[in-house]
Amino acid sequence: MRLPDRLEKLRQLFFGDIVRTFGWTSLLLLLLLAVAPAKHFFADWHRYQRGYERLISKRSDAVTLRRHFEPGIQQIWLPEMGVVDRCTTCHSALKETTLKDVTTQPYRPHPVIPHKPEEMGCSICHRGQGAATSVEEAHKSTLAWEEPLLPAKYLESSCGQCHQQDLKGTPQLNLGRQMLSQYGCVHCHTIKRPDGSVITGTDDPPSLAHIADKTTREWIYAWLKDPQAYSTTATMPNFRLSDDDARDISAFLTSSSTPASLKVVQASLDEAKKVKDNAALQTKAASLYGESFCASCHAVQNAAGNLVGGNVGPELTKIGSKAKPEWLQAWVRNPHDYDPPTGMPHYRFTDQEVGELTGFLLAKTDADLLANVHLEAPTPDQIAHGKRLVNDYGCASCHEINGIKRPENFAPELTKIGSKPVNQLAFAPGVPHTLYDYIGAKVKQPRAFGPSLKMPQYTFNAAQIDALVNALLSHDERALTMPAAKTVPALPVSHYEPAGKAGQLINDLNCFECHTINGRGGDMAPDLTWEGSSVQREWLVQFFRNPNTLRPALIRRMPKFNLTDAEINTLTDYIMTVYQSPKIDRDSMPLAGYAPGQVELGKQLYYSKYGCQACHIIDTKQDKGYIGPTLTHVGSRLTAAWIYGWMKDPSMLRPGTQEPKRNMSDEDARALTAFLMSQKGSEKQEAKKR
Amino acid sequence: MSTPDSKDFVARVGSDQRKSPVRVAFVTRRTSAQVKAHDESIVQSFPEVLFRAAIAVQVLACILVLISLFFNAPLEGLADASHTPNPAKAPWYFLGLQELLHYFPPVVAGVLVPTLVVLALIVIPYFNINIEAEGLFAKDRDKRLKIFWAVSIAFCIFLIIFDVIVALVPTVITVALMALAATTPANSPSAFRRSLAAKPLSFWIMSWFLFELVVLTAVGTLFRGPGWSWVWPWSGPGGVK
Amino acid sequence: MTTFNKYFDELRETKVWRSVFRGGTGKSTLRNSMAIQQNVFLHLLSTKVRKRMLEFNATWYLGTLTLGTFGILVITGILLMLYYHPSVPQAYADTKDLQFVVSSGQFLRNLHRWSAHAMVFLVFAHMFRVFYRGAYRPPREFNWVIGVVLLLVTLLLSYTGYLLPWDQLAFWAITVGSNIASAVPLMGDKVRFLMLGGHFVNANALLRFYVLHCMILPLAALFFVAIHFWRIRKDGGLYARHSEPDVVMTTAPARPPL
């Protein structure tokens, strides 16, 4: 038979009859339909589960591991949090601590964390698409799910969804949150916490209402052009202004400035002039600057280029190029005259001292700063243009400026920035299309997203940017919808105001800048809420007169305010009467008169049973403990009742203290109290102090 | 077919021995019988038609199954009334309408046009002119040509006023073809032109409608980006480059 | 093959088979006709068909294929209904779960979606094909009208189904569509309210579209498809050119003879 005939016969056999053809197409359709379940069988998670079974079969504890392992799709379902996480389908070994050495994903056990996966799910912290069962869909950004897995460096942001207070384990998040307040982000952008409270700034940008009294137009110009050229630690960002724009804004600011009521004392000015150009007088003034502990708050660049001092107040390296002498001497005398809400305390300096310090500061100049700034007298057009620019750039969001209203919601609200849909973002070229990359790039270089954007340029390093991204990502939709039982709200803001004359003094000295009392104030110095229960009156009076540090290792110290005796009495009386702990009965224990045997027993307990010398110093020659305060004078400083209470439970008196709770018996505590109360310092030191 | 007054025939039950049915025609005075095909060959629906239909459906099913195995149905993020995608597009078969909405007020593009289209489709078989199906310009040539030009030019001007270039292009091409048909002599050597000349009015309207439908839908689907602006399909997602 | 045929014939002779299928056995023309006439579904169709109408070129099988896609849609649609809740936002989660956990769920949804698009396309193609063949002419004019109704039903089926995944694509497509409805003069907002069960596309609209998509519109489609097929038979079978009195032939001499 010829080949074509054979083929024809074959065709007849298979397709000769319409019913036969139907049979073949039916078969083809059935075969194709069978592919779909086959495709399902070769899904990612089937493969990973088979891989896991192979992995554990080779291990010594294979039987236990196999008993823990459940094949098929696994899920963690938490309806009240909207969690359907099937991650454990492939990540089978999350809880298998014996697999610690396994490094290949998806079989790595989870590091130890305070939460259980079955209570929190996975996607609440890691993001990604929890419900997905394929690698791509679960981890990457897709058209139907724009929230890819968070990189490890942004994981802390997820803690911030529930925890509104700082956590020990989230340094990046804590830093980012602090930066949001410190760098003035929240002046332009409103950010609300899930409880509805608005995040407020801590940077306290100065009022510009009397700016012409304080500084020159040339300095304003130079500052606007590049704030960091004046001070590397300046929080004011760079608005990338053109020369003309900076000229016009400086023109507007000086012309809109009104005179402040400054107390100008000619004697102080004369003294300042003398000190400014005299090296010997400079040295003397420098020691006054040191004794007043100005450096606790203000930093100055030393010869090596390092900043020395605190960052509470502005850096003073080039203050002489900025401040006018009349303003500076008035400011040093009483800063509240110029700026009532300022954080700077009112030192009681004499006119002579004011002059010395003013002269000392005026000498701190930088010849280069204003060398190239030459400004003509402003025209009305320039002033009008400057005003327009001030409005455009939202300067009044931060600064008080005469004639400009503070704009409401100048920049977009960021309360839900952490869950902003990616398809609504306009990305700058080269920025990967993820939310965290967008935020990072925007913070790093805002104007790269378009030259017309108003957001200024900050000088953040990579770690700071990551910290900010963490803080911003934590403000997302989930944080707002999290069930209340799961959240840890922020500490409520305290509006505590001390009363009476003492209250006026406390505000005049700005104690709250460093100390916290009843929840209000800074964390630089000890909490004073129970100070009256804690210390002896005599010691407190001495301390106000001549503040002596309790912890020699610290640079920041309590300044000497030169208070009068009457003022000291007012303050001390108030503290001893009002700042009392209900848990301490000051009169329940004698301040002295313990039996020698008890003191001796206390000493033994101190050195042997409890090993207190590891952290504290009593014998200055032998002890090397620098973690806790020195206890050489503790007997003349603290009350016996406080020490006894402290021995029993330190964290009850000061939550969060490092002092461990030792579960002492009453006898031990009493003996230790007796021993510590006997530590009153040597007579010689006492005499020197007076 | 009307029943004659007097019965002069006998009705008989046919048997299946005859392969094809016998056509019975009543010839009245005005018409004349004209049977073109006398003996059509006829097949049984079972099995010939049914199995053929089943095969056709199965082949289509195979194609659809293959497509479904390799191309996933689109799915985007959860519906969110506060985030409008740009552009928000209707299903593809309504994109022709959405394209019209871009030019005309909603009452015209969204209500009037679709209603008219549906009505026009319904009445097609009820108009004699559609049934007779003779060449548009075969009779009354001059008068019809005048009407044709008047209507065409008026419609084109209307489209230009509303700046509907997308709809204008198919219209102009259709009008050009109709003009070609109108100028074709009966004995034209070109078979294409002869067939054009034989097309009735309904053909022209329907073809123009189909042309517009395809062009508008294609433009709405492929060439429209953010803000319903014109984008090229190859310039990628977002389109604004 | 012959053995198989033998057994099959024997099967058809059994009491049970004969009680189910009234057509009986044998291969005669009568039997073949009975297979159509005596079947509740098939009797809608003609018993005999002109042979040349079987050729692909005659009809392109567009009507048949449209019915085929409808069949696929009914089957996959019923299976999809097993996994779907018409509520917000569960509908979206269910659509996701089809992809993530339901065995071959993604395939089912794909097949349903692509078949739906194919059906809309085929319905349009069928309509234009019928028009260009002139198959709408009397006595088939009413079947053409039913065809137009079926076109509208098909569009509505596809449109209502579009909302069910409850994703951005669905939500905004329906929003755009329902905004058009509100342009109806005088009662536009009423029409829109009736359509959505509210002033906006929300959970009510989803439920309404679900009922329309899974119940009302498929029944309407079935109803009209039945009439459509039955009318083909009653109107003289598939329209075949030159086989019946055709006025065209007398007035178009330029056309070459068949």
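Read from first to last, the chains carry the letters A, B and C; within each, the first residue is number 1.
One rule holds in what follows: contacts are C-beta pairs under 8 Å (C-beta built on N, C-alpha and C of every residue); 3 or more make two chains touch, one makes a residue touch a chain.
Treat the numbers as computed from the prediction; the structure is a model and nothing was measured.
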Most widely separated chain from subunit A, with each centre as the mean of CA atoms: B
Chain closest to the middle, measuring from C-alpha centroids that were averaged per chain: A
Centroid spacing, where centroids are CA-atom means, of subunit B and subunit C in whole angstrom: 19
Subunit A and subunit B: spacing of chain centres that average the CA atoms, whole Å: 69
Separation of mean Cα positions, subunit C and subunit A [Å, integer]: 65
Residues of subunit C engaged with two or more neighbouring chains: 96, 99, 107, 167
Multi-partner residues of subunit B (each touching 2 or more other chains): 47-48, 52, 61, 65, 68-69, 74-77, 80, 83, 85
Per-residue overlap in subunit A, given as positions that touch at least 2 other chains: 36, 39, 144
Subunit A residues within the subunit C interface of the complex: 36-37, 39-40, 73, 84, 86, 131-134, 137, 144
Parts of subunit B lying in touch with subunit C, wherever the complex brings them together: 16, 21, 33-37, 40-50, 52-53, 56-57, 60-61, 64-65, 67-69, 71-81, 83-85, 88-94, 97-98, 101, 105-107, 109-111, 118, 121-122, 124-126, 130-135, 138, 186, 194, 197-198, 203, 206, 210, 213
Subunit B contact footprint on subunit A (complex, rising order): 18-19, 21-22, 25-26, 28-29, 32-33, 35-36, 39, 143-146, 421, 423-424
Footprint of subunit A on subunit B - complex, ascending: 47-48, 51-52, 54-55, 58-59, 61-62, 65-66, 68-69, 74-77, 80, 83, 85
Subunit A-touching residues of subunit C, taken from the complex the two chains share: 93, 96-97, 99-101, 103-104, 107, 167
